[in-house]
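The letters A, B and C name the chains in turn, as written, and every chain counts its residues from 1.
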């Protein structure tokens, strides 16, 4: 060997044990369910991983009843300190079974093992650990300590277990019980989480996991005995949920789409900015609602940034998610791949210039090379619509005001990035950007203590931090308003 | 023939190790019925000095850890304590003469207290810090930070009392030199064994046993100690003298509270007393 | 015209370095998993890049002869094991090293210019350099005046490098290669590391080197990352390649491979060559040899099976 090609370094699959079929997790037990079933596949190979039950309306009703019973008889009566101990147990078991969860997540989702191992799973454990600590301190939160009841939670496929943690940890800490539906393409880690609840001796019915697609989700949202709906997913479905709960007492939090601007000024720490751009759009194959999918570069450094960016993109290693050296994994589903291809084609048709990193893509599975479009304007669809894939649209600006105008010129408002060495400019941009999270000289950072959520059509409510408690506590007890 | 048991030597806990007192002294500790339990090390002012050096050396690393990490370490202490609960229950029954049920209650409460404080590591900032809307183009944020090295006179409750004064000080990032209850010092050293095996860095908690009247003035007047917790001091004159000595470098002082019911859930003041609020200003402009 | 202020304007106009991002990038590259054939390749490459070093007051001719022998045949039991790039010694040991190494191809590098502090007059530093070159040194590892750099006397640092480089010339018109040691542990900030890298490259240094090994921290991954970015960008602008040498604190094969990954992905494969990348190390070599043996025998070895020199 004369060049430093990295030999394959696959993480062992032996640590996971995928069953041929899975039922629903209701009232502390796995049950068959009365509906049909669907297959979940490995998007990197198209291999069928397991047959998973599709929860019917009746199954959802069973789950909600179990959650209600557990709420009334056990969970709402338990002291916060005791609830905390269950959550700490769960956090510890997640740490103990971390590698198993990481491998399973990568197999079912297609994300690189280095991300599931170093980001997803550690943050999941940290999230449970953090909210465990809140369970017996709610009177200090500023939001009271009265739970809502049964929470119906619907999560997406981009960070399956992490989104589960964001939903379940605060809900349980506040004294609610939950019925959670994982995405139909990534149910496996949620079902392993159900097993973890059993290991932790969590009282039956406190956590119920029902698998299925849109219909199952609708059944949860519209169930009359659900007190709270928490949803992460598309803006389109978010709006449908907002309509569906109108006129009820259901409390709602929505974490929806985004089209974040990542703004690079000419005095930015350039090498780190390049990393931030790459991390912003190619982390998790760009399947990130807060992805920095619109790069706004100051014109005076645009050429240099593009040159450096392309050179960096050429070193991205695309391929087997279980290879420890993989930087970019598989697109999660055929459906998503088709959508990315379609929008990329529209980008070309509308006259933007397309460049993709040179890389060999595997023949099986769903793959899309890291791609950047230059010469994009605000009028292009690839600058307006969420692609939810490894596709970056590059625009330029001349002044800070122009950057702010372009960044805010979108119905979304989830996140934004600012790159400059000048502190006061960071704060000024942060003030003017209409986005729920502003990262300065970094991007895509998540922490259990830090609230996350959007402005405008990116949704409402916050997850994480002290603010994340608000969505799971009755905050209107004293007033007459609902 | 009955087996002769192997007795434990109780020493000090300084810098993660268990040295004897440099003075070579010890004193007799009797159980509740007046029978010999063991000899405890009788710490000198030089032991106190060494303990402060250890606490100061540990402060940078401990306060520099992430709050999440400190939380996990203190939670780990709770886990290890729970695993050794029989030993602590037996020690409490012998030294304090409490019933089996009462001893169990104290150990339960001690474990739960550690868990409660563990959860505060990354929340106290969120509850006591905040952004300040100053009238001008400035970012302005106030956050609490640990004060530094805290000297503590522990109350009589050998386990729960000790944990209730030490845990709030260290969870925020302070390091501690604690004088164990003079009458019931042995459990504090056994607790040192728990801390020494719980990923708690050496020097974060240092336990001295001996005479409060002898050691406390040296700690109260020590110019490299930042805070003084007099919770366990029962003599009002002694407390006043210690507070006077503490004024030389304006130590943050917590006055005596020997009669506290440690079974009740604490307020936040045991943490906030030994924290400093730092406010950061930064202009906002393009 | 070069002056302190013109150099300052240029050096301070280089893009800043964000510490957190830089360290995260270095740590990220450190998670690469190098296995089987690529590991074997990396180990042999790393051995070929070692400047086997002894820089002690207690050094003797015997010690240097032993070190030189080891550099030529690191693993006497295995003739397929490559030689190291060089031995690195104090100037008064150059003759001995040269004598032992003969025409083996292993270079002799000498630390000059009042190593490690650099606190001597210019005349002494130049005499130190000439002395080492005359004794046969192939490479000169000079230290910069960190005091001058930190107080903004960039021109002094620049001129010193230029003059030492001139002193590297041999009578036959050839010249010893010049490595410029920054002692990054004393410069503290990554911004300083980037600036000093450019200053040394502009002054004509053939190699830029992190540390003397006498100050902590010595070589670190993030510092080396900044230097690799600097040589990459310098070639982009001038067409000239400059080498990089982290020195001090690199003790294990695992560490060495992290550096090679960084060379590969930051500067690029062109630098994966002993002409362009070196490790200043002593104990590293035996760990590389142990891992090399593990690759061929399939079992872990122990320190008793490798020579201590």
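Here is the rule we use: a residue touches a chain if its C-beta (ideal position, glycine included) is under 8 Å from a C-beta of that chain, and two chains touch if they have at least 3 such contacts.
Just so it is clear, the structure is predicted and the values come from calculations on it, not from any experiment.
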{"item": "Contact distance in steps, from chain B to chain C", "value": "2"}
{"item": "Farthest chain (mean CA position) relative to chain C", "value": "B"}
{"item": "Chain whose Cα mean lies nearest the overall Cα mean", "value": "A"}
{"item": "Centre-of-Cα separation between chain C and chain B, whole angstrom", "value": "49"}
{"item": "Where chain A and chain C are represented by their mean Cα positions, the distance between them in whole Å", "value": "44"}
{"item": "Chain A-chain B separation of Cα centroids, rounded to whole Å", "value": "41"}
{"item": "Sequence positions of chain B contacting 2 or more other chains", "value": "none"}
{"item": "Touch list for chain A against partner chain C, complex", "value": "1, 3-9, 114, 118, 267-272, 275-276, 315, 324-325, 421, 441-442"}
{"item": "Contact set on chain B toward chain A in their complex", "value": "67-68, 71-72, 75, 112, 115-116, 118-123, 126-127, 139, 268, 282-286"}
{"item": "Chain C residues touching chain A - in the complex, by the definition given at the top", "value": "15-18, 20-22, 24-25, 31-42, 45, 229, 260-261, 264-265, 269, 272"}
{"item": "Interfacial residue positions of chain A with respect to chain B in the complex", "value": "81, 84-85, 88, 126, 129-130, 132-137, 140-141, 400-401, 423-425, 427-429, 431, 448-449, 465-466"}
